[in-house]
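The structure under discussion is supplied below as structure tokens; questions concerning it will follow.
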Amino acid sequence: MILARVIGNVWSTRKDESLRGLKFLVVQPVTLSYHEDGTPRLQEIGHTLIAADQIGAGEDEIVMVASGSSARQGLANNSIPVDATIVGIIDKETFEVRA
Amino acid sequence: MILARVIGNVWSTRKDESLRGLKFLVVQPVTLSYHEDGTPRLQEIGHTLIAADQIGAGEDEIVMVASGSSARQGLANNSIPVDATIVGIIDKETFEVRA
Amino acid sequence: MILARVIGNVWSTRKDESLRGLKFLVVQPVTLSYHEDGTPRLQEIGHTLIAADQIGAGEDEIVMVASGSSARQGLANNSIPVDATIVGIIDKETFEVRA
Amino acid sequence: MILARVIGNVWSTRKDESLRGLKFLVVQPVTLSYHEDGTPRLQEIGHTLIAADQIGAGEDEIVMVASGSSARQGLANNSIPVDATIVGIIDKETFEVRA
Amino acid sequence: MILARVIGNVWSTRKDESLRGLKFLVVQPVTLSYHEDGTPRLQEIGHTLIAADQIGAGEDEIVMVASGSSARQGLANNSIPVDATIVGIIDKETFEVRA
């Protein structure tokens, strides 16, 4: 799974019928890099994604996003056209204790 | 799903028989970036794609594109060789209100 | 689907038995970019691919290539190890009339 | 499969129920490059991934990571939303003998 | 399929049980580019991969690698966690006659 930061909501009035009722979030993929003093930081990388969310992630949280056919495994109905799903919210301390 | 801007139509007279009747659009993936004053903008990223459209997206609209096997879930017949489908049109205000 | 230019043939004498009889072409992915005067052009992007062809694409033609499991949907036998298939040939005028 | 270095653990208290009990590791993809004297080295490339681990990989080990639907084949339950799994630990000598 | 050069072997003593008996090779993806005089050459691109080999490819040979779920179609058992398989060895003359 990739790591991504939740950066906002997105609305889509006209969409595939099977997507009605699903919540979608705008997420920005991030990668782990390091400050000069060795402390880790999460740096933006690659392009913005729209991911389905069934966990209740909030703005600015760091989440794990599953892509491709695996993204559909995280949904109640796995025959819908979704290729990115938030499957976990990373505990804040995870990247703060590492140096 | 990735975000993309609809930039035009494409015609293909000689194609896989199973694709007849489907509408294809040329879309350019975009990513969210920011102007110096902090207002968001959508910047072109990566290469142009041809996506099936069953929603009726129009030129210049920002759409969500599902890729891979998930793209086929959005079609009436999911055993055809399509790997990119427009699954939603983003409401214009979505990226205009954010700062 | 991505856009690609057919740039040649490729031969493989030693290959997976299930691939015998299939025609493979060397294709170079392209993306739409623009000349200074605003006329569009197709620019090479990313790495060369080998794609199965059942449509009869010829050298220098611009084609649509389906990737991943979707590539197998375009073949008579969809349990063979092919991950890129030419599914359509783009009509020449498509990118020539656009400005 | 890609090569990656195990760089740490990650915790996620709120996650998809089906992921409970799975161990996840933070891995950084690497690629083979060469020092000026021709000796090989593994250089970081691309973005950090979270991969499921059922082999018991330890920090700093080089592992093979399977992605996409193939990642699910390495798990007891293959209908869960995981798109990256550690499927092997590379023997240290492998890249040390090559010059 | 992508093109790749076989650059070596890799050993993994601790791995997923289902991978026992499979041969894995280290391959470096390549793309077609051109010398100033127009003769083609294969240039390294992207990151090193580990691919299953059932064809008997040797060091320095140029191979076609199928990725994703298609990679599993080339194996006797297609429910194992492999996402890259060598499906053909490119005949040497293929890229040498082209100018």
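A, B, C, D and E label the chains in the order they appear, each numbered from 1.
By our rule, a residue touches a chain if its C-beta (ideal position, glycine included) is under 8 Å from a C-beta of that chain, and two chains touch if they have at least 3 such contacts.
If you want to know which protein each chain is, UniProt gives these names: A, B, C, D, E = EutN/CcmL family microcompartment protein.
Since this is a predicted model, take the numbers as computed values, not measurements.
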| item | value |
| --- | --- |
| Where subunit C and subunit D overlap in contact partners, by chain label | E |
| Distance between chain centroids, defined by C-alpha means - subunit B, subunit C (Å) | 19 |
| Whole-Å gap between the CA centroids of subunit A and subunit E | 31 |
| Set of subunit A residues in contact with two or more other chains | 46, 68-69, 71-72 |
| Arrangement of touching chains [line / ring / star / complete / other] | ring |
| Chains in cyclic order, anchored at subunit C, direction fixed by subunit E | C, E, D, A, B |
| Sites on subunit E touched by subunit D in the complex | 7-16, 18-19, 24, 26, 28, 46-51, 68-69, 71-72, 79-84 |
| Footprint of subunit A on subunit B - complex, ascending | 1-3, 29-32, 45-46, 54-56, 64, 66-74, 78, 85, 87-91, 93-95, 98 |
